[in-house]
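So, here's a batch of structures to check.
Here chain A shows up in two complexes: once beside chain B, once beside chain C.
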Partner chain A sequence: MMFLFIAAPLVSVLWQSFHVTKPIYEQVEVETCVPGLLGSSCVIELKTRPILSDAGKIITNTTYVGLQSYRNVLQPEKLRTAIKNRSWREFTNIRFWSALRFTLVFTVLTLPLVLGTGLLIALAVNNTVPRLKGPVIFVSLLPFIVTPVIGALAIRWLFIGDGILTAGLEWWLQKDIAMFAQAWTIELMMYIYRVWHVAPFAFVVFYAGLQTVNQDTLEAAIIDGASRWQRLRYVIIPHLMPLVVFLTLIHLMDAYRVFEEIVGFSSSAHVISLQWLTYEFLLQDGTGARAISRASASAVLTMIGIAVLLAIPLRRVWREQRGS
Partner chain B sequence: MFFKKISVAAAVSVLVAGAASADCSNTVSVKTISNAFPAYETMAAAMAACGNVTSELDKDHRLKIVDAFSANPSLYSMTSLTNSTSVPMIDADLLRPLDDLVASYGKDLNPNQFVKIDGKIMAIAAFANTQHLMYREDILSDLGIDVPTDWAEYIAAAEKIQAAGVVDYPIGHYTKDGWNLAFVFVNHFLGEGGDFFNADWTPSINNEKGVAVLARMAKLATLMDPEYLVSDSTFVTKQMQQGKIAMANLWASRAGAVNDPAESTVAGKIVMGAGLKGSATLASTIWWDGWSIAKNISDEEAEAAMKMIVASMAQDVIEAHNDDAIWLAPGFVPGAAAQGAFATAAGQAPNYPMNKYIGSMHGALGSGLAAFMTGDKDAATTLADIEAAYITDAKEKGLLD
Partner chain C sequence: MSGPAHRQPLSLKALSNGFLVFWCLVAAFPIFWITVMSFKTPIDAFDSNPLRVIMGPRTQTDVGGLSLLDIVLALALTYVLIRFALKWLPGKVRSFVPAGQMGLGWLIGCGTFGLVTLILFVVVLPGVLGVLNPVAGPLGVDVLGLTTEHYEAVWIDRGFMRNFTNSLIVTCGVVSVSLTVGTLAGYGLARSDSLIAFWLLILALVFRALPHSVLVAGYLPYFISSSEWLAPILGEAAPTLYGKPWAVIAVLVAINQPFTIWMLRSFFQNIPQELDEAARVDGCSHFQAFRLVIVPVMWPGVITTGLFSFLLAYNDFLVTSLLLDAQNMTMVPAIANMFNRETTASDEVQAIAAAVSITAPLFILVMVFQRQIVSGLTAGAVKG
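Right, the complex of A and B next:
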């Protein structure tokens, strides 16, 4: 069962990335009459139409194309010229590489922020009056409970056009501000949104971890004259290290598949992510077809990317395990 | 996006208020999917009043209908279609020829409403649509600006309005990244007399016409709200209603809304003009918008769907919502809201092409143009990259060898 549900889709994606399925077309002369404001107009023209089988399905033909779909996604010739010209602009003008650039920056930048914010909230909550803990935990968890797309949209509406926060900023700075007009402001909003959304998860995990810190060790540290910072640095954080690795793994996997932000902030004109690229290939265009092969290739590349990213923390864990 | 789906049920009570025609009560369950703007809200409400109709109004319905109608039974009884969205549906043979149903129930329809492919009625158009000038009459006459008739005059007028500083931004335009931005290019390219394809369907947009269009789009961008890459037709309609812009080239189907006193703060001040000319012809395209019935449903359901189509465009519905669209069904009286569309049609605006190649080209333009607008690429590189993207796409989809 496990094999069926996990491996089969992966195999099928891999297979599709090496094959292309095309409908078989024929040229037919068709008379089309369409309404207009001033009456119908008819034209007879040669149209390209798919051939239908007896069962009424479009007849398709599948061929092995090797790495062609990967080449279509990666555009290696353009990449080579960009590298040869040492041009960052040419590099980011290739859709895949610009998506990879954003995805990596997004993943790497939000990681420490999520970990740091999560730990700060956890420490703060841990130190509040016990009576207040329940409500504070509940409120801190809210951003994580909100559906990602809805959360992104909520933030977008605060800023788009004359949204209240943009209007507030404009009033405060006495300056016309358009948050959705350039890439960097949109990217900034996406980073802030992701940290806002995911930090509660890091908080819950760290908070649980804080409950298991050995009180004797802490007390011993206090007697030894360790400051609050030293206790954090030498007792608490080492204790929480396995959780940091766990959160890092989860966050790398999650953030590398960034998608909701692109939709929610309509950022596709300025920045796109790898997941968005796959989605774009999968969208039906006016022909009713999807670029399944390129979408599959892009999906496989995303999987490879995640695997490479995870390799770094995983290797560390493996070494530690072996060391102990 | 796809979450902008509106369940009509809520809207119904507000909209209909007795607009339903007398005798359309329906007992068979009918499910509809359609685009989402005022004319479809009106029709969905009229159908809902007959009973047992569930309507889904979704701006991105085009992304769903091919798969939904391929199912057997189809997930919807009927869908809204246009020149463009009908192509994959007809190719995949997902629509029911309507001749017999029209013969039985469609005597009230206008023969001009039928979309015929090889003599068979495949869709029933409800209204025609195009894009034309809408302008604030008060602002233009205050500033002594003549009503522009081509894009050069339009830009000159916008610059004067900008200099006068009477509105936030002189113009608005549907330039949202993706389909909308590509559509702007398509219209302007046709307006320059361009032909998207060579005889063998290879692309031909990387030429002086394409460059001229991009130069104009860049110029227009400086006259708009800087967030123009997220601006769709609804966004422009609101800008117009809130008095933030003075002119727009917008869909005729929004002409009623911009002057609707219930929504607009400047109702009555907006006048409709013809579509604007490029250097060769009008940079506007004529569209039909209407209903088709799924092939993979029972005859009984199809019959009920046909009755609902007729009910959605009954004379009393159209009379009550005359300005929502350029209706094609009987009962429509062209008013002030329609004059821009008729002037555009009289100016020989071409129909948006009904073929597969433009579908692929539209997609390539949609993902390739933003890089030019944001300044990441120059015009020639943008057009060359779009041509390359079209070729890759058309090859993968079997349209080019």
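Right, the complex of A and C next:
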């Protein structure tokens, strides 16, 4: 049962990515006559229209196209010219490659920020008076629990136009700022949003880890004359190391799926991610058709990407498990 | 952390607490700010002076606002109600309701409480204040601009109510289906130690990693053409699944199920096996043992798992926006459409009001279930 729900769509995605379903068209001569003063004038046109079946449905034809859909997504010729010309702009003009670039940079860049912020908050909460801990945890959970699209929108509303924070920045830097005019500021806001959104999760996990730090080891370290920093570096952080690995894995998976930010910041004209690319193919275009074949191809490529990305940390975990 | 060796210098303490205050500000500010904005007229909401956004002078002159007396009374009432809910309500529910129907009792208790709160704030408070404000002198003069027109516009004119119902259908469907399957499968797996558990964990991980768009790309063509391939089974009445909430529920459950089963399994493992063995010795059938012995003690785990299913279904944008048609739209994609279409500043404030409406249930959720959420988050880390 579960295999049906899980394996079936994956197989069908693979299958779809090698096939294209198209309506079959026929060419017919259509004579249109316009009544005029001197008898009617007739024009014979060659029109293309989809063949209808007896039930009035459009007959479609599914053909095997091999890697054509992949080629449509990857656009190797354009890539080749871009590399030949060493032109970064041409490279990022191809949607797939610019999506890949953004997704990878986003994933890698936010990871240390999230881990660092989470750890700092956890240490600070651990350090504060017990009465305050409950309310602080409550407030910290808010960004994590809020609907991602809404969270991104909330940040967008703070910055859009002369939003409150943009106005503040302008006043501070004495310079006119438009946060939504260029790609890099939008990207910057996405990083900020992601750290804001995910740091609470890292915090909660680290905080739970801090509760189980062996107090005897800490005492021993103090007796040995370890400074505060050394205690953190050599006792607490090694203790939290498994959690760091866990959070890294989860974060790689989640950040690689980056999608809601694109919706919330309406950035599809400037910055897109891999998942957005698939989404865009799946949406109906002007004629009501969906590019399912291309969507599948990009979905398969996305899957390969996450497999490669996770292979490195997973192999390390595997080796450590075997070693111990 | 006690004892002289742990004593920290004042500077470090100040630094850590200062950082904490800073973090809390950063964490809460965006949400707080959009809440404030949603109550103002567009000119005030998008003013570049923060003080004007909070006080809302234009809103006050155009629509009206709250006097000092209003604010004090409303705050006092809120405080009393919260005290009441925390101190008095649980005891009352416990004393009135027979032990067997605790869930129903809580439902009724909370429902009544919500209703009373609503009546107090919408009917009683404005009535009392309408009499008091004119006689209160300077205390009764409006100082804080406030308007609920955007909420009215969103919920009544724009039919946000329908989106809300759709969200309700989808989330309830996802939570109930995945919990039913999850409890049974999790219980079964917890009582049979086989290799399945390991593979389940791997599967849950794979699903965590899989971008949701991949799954949707797999499902979408079949949902669109479902009336054709379901016709041999269901005959003429075969539905087109595309656009219906059922399709979304199916996909979201598929995404969520491995995680749910795995979490519930690890929870059931903490219930000692002696418990159901004792029930079997006393003559219960296998199913009776589950129903009479396990069900009463399983609620904490089920609630935690259910919370995460709820969050997944409630927060989802990708699956719902691709698989639902306009009539069955849930709240989150609906609001995205709303601001893509926006033309005037007033539309934008309405979108903000809608966003706040979506966030409010989550806010309450964190308030009530904070402990379960934290324990659920950490459980994955500790066991994984």
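We take it that the second predicted complex is superposed on the first by the 291 of 324 C-alpha atoms of A that agree within 3 Å, B and C clash if a C-alpha of one lies under 4 Å from a C-alpha of the other, contacts with A are read in each partner's own complex, and residues count from 1 in each chain.
Definition applied: a contact is a pair of C-beta atoms (placed from the backbone, for glycine too) under 8 Å apart; a residue touches a chain by one contact, two chains touch by 3 or more.
None of these values were measured; they are calculated from a predicted model.
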First (chain B), second (chain C), both or neither touched by A:R233 = neither
Task = Could you look at A:A183 and tell me whether it touches chain B, chain C, both or neither (first, second, both, neither)?
result = first
Message = Taking the superposition on A as described, I'd like to know which of chain B and chain C A:T128 touches: first, second, both or neither.
response = second
Query = Between chain B (first) and chain C (second), which, if any, makes contact with A:L283: first, second, both or neither?
reply = both
Request  = Go through the superposed model and pick first if A:S268 touches only chain B, second if only chain C, both, or neither.
outcome  = first
Touched partner set for A:R80, first chain B, second chain C, both or neither = neither
Query = Regarding the shared-chain residue A:R316, is it in contact with chain B (first), chain C (second), both, or neither?
reply = neither
Ask   = With both structures placed on chain A, which of the two partners, chain B or chain C, ends up touching more residues of chain A?
value = C
Query = So, A:V149: does it touch chain B (first), chain C (second), both, or neither?
reply = both
Remark   = After superposition on chain A, the chain A residues reached by both chain B and chain C are 149, 153, 161, 263, 266, 283
Message = For a test of understanding, state which residues of chain A touch chain C in their complex under the given definition.
response = 2, 5-6, 8-13, 16, 21, 117, 120-121, 123-128, 132, 134, 136-143, 145-151, 153-155, 157-158, 161-164, 167, 196, 200-201, 204-205, 208-209, 219, 222, 228, 243, 246-247, 250, 253, 256-257, 259-260, 263, 266, 274-275, 278-279, 282-283, 290, 292, 295-296, 299-300, 302-303, 306, 310
Key: Contact set on chain B toward chain A in their complex   = 1, 3, 62-63, 66, 83-85, 87-89, 91-93, 111-119, 125, 128, 130, 176-178, 181, 201, 225-230, 235, 286, 288, 290, 326, 328, 341-342, 344-346, 351, 354-360, 362-363, 367, 370-371, 373-374, 376-377, 381, 385, 392-393, 396-399
Key: Sites on chain C touched by chain A in the complex   = 1, 5-6, 8, 12-13, 16-17, 19-20, 23-24, 26-28, 30-31, 33-34, 37, 46, 48-50, 53, 203, 207-222, 250, 253-254, 257-258, 311, 314-315, 317-318, 322, 332, 335-336, 339-340, 348, 351-352, 355, 358-359, 362-363, 365-367, 370, 373-374, 377-378, 380-382, 384
Query = Quick one: in the complex, what on chain A touches chain B?
reply = 20, 22-25, 30-42, 47-50, 52, 56, 58, 61, 69, 72, 89, 92-93, 95, 149, 153, 160-161, 178-183, 263, 266, 268-270, 280, 283-289, 291, 293-294
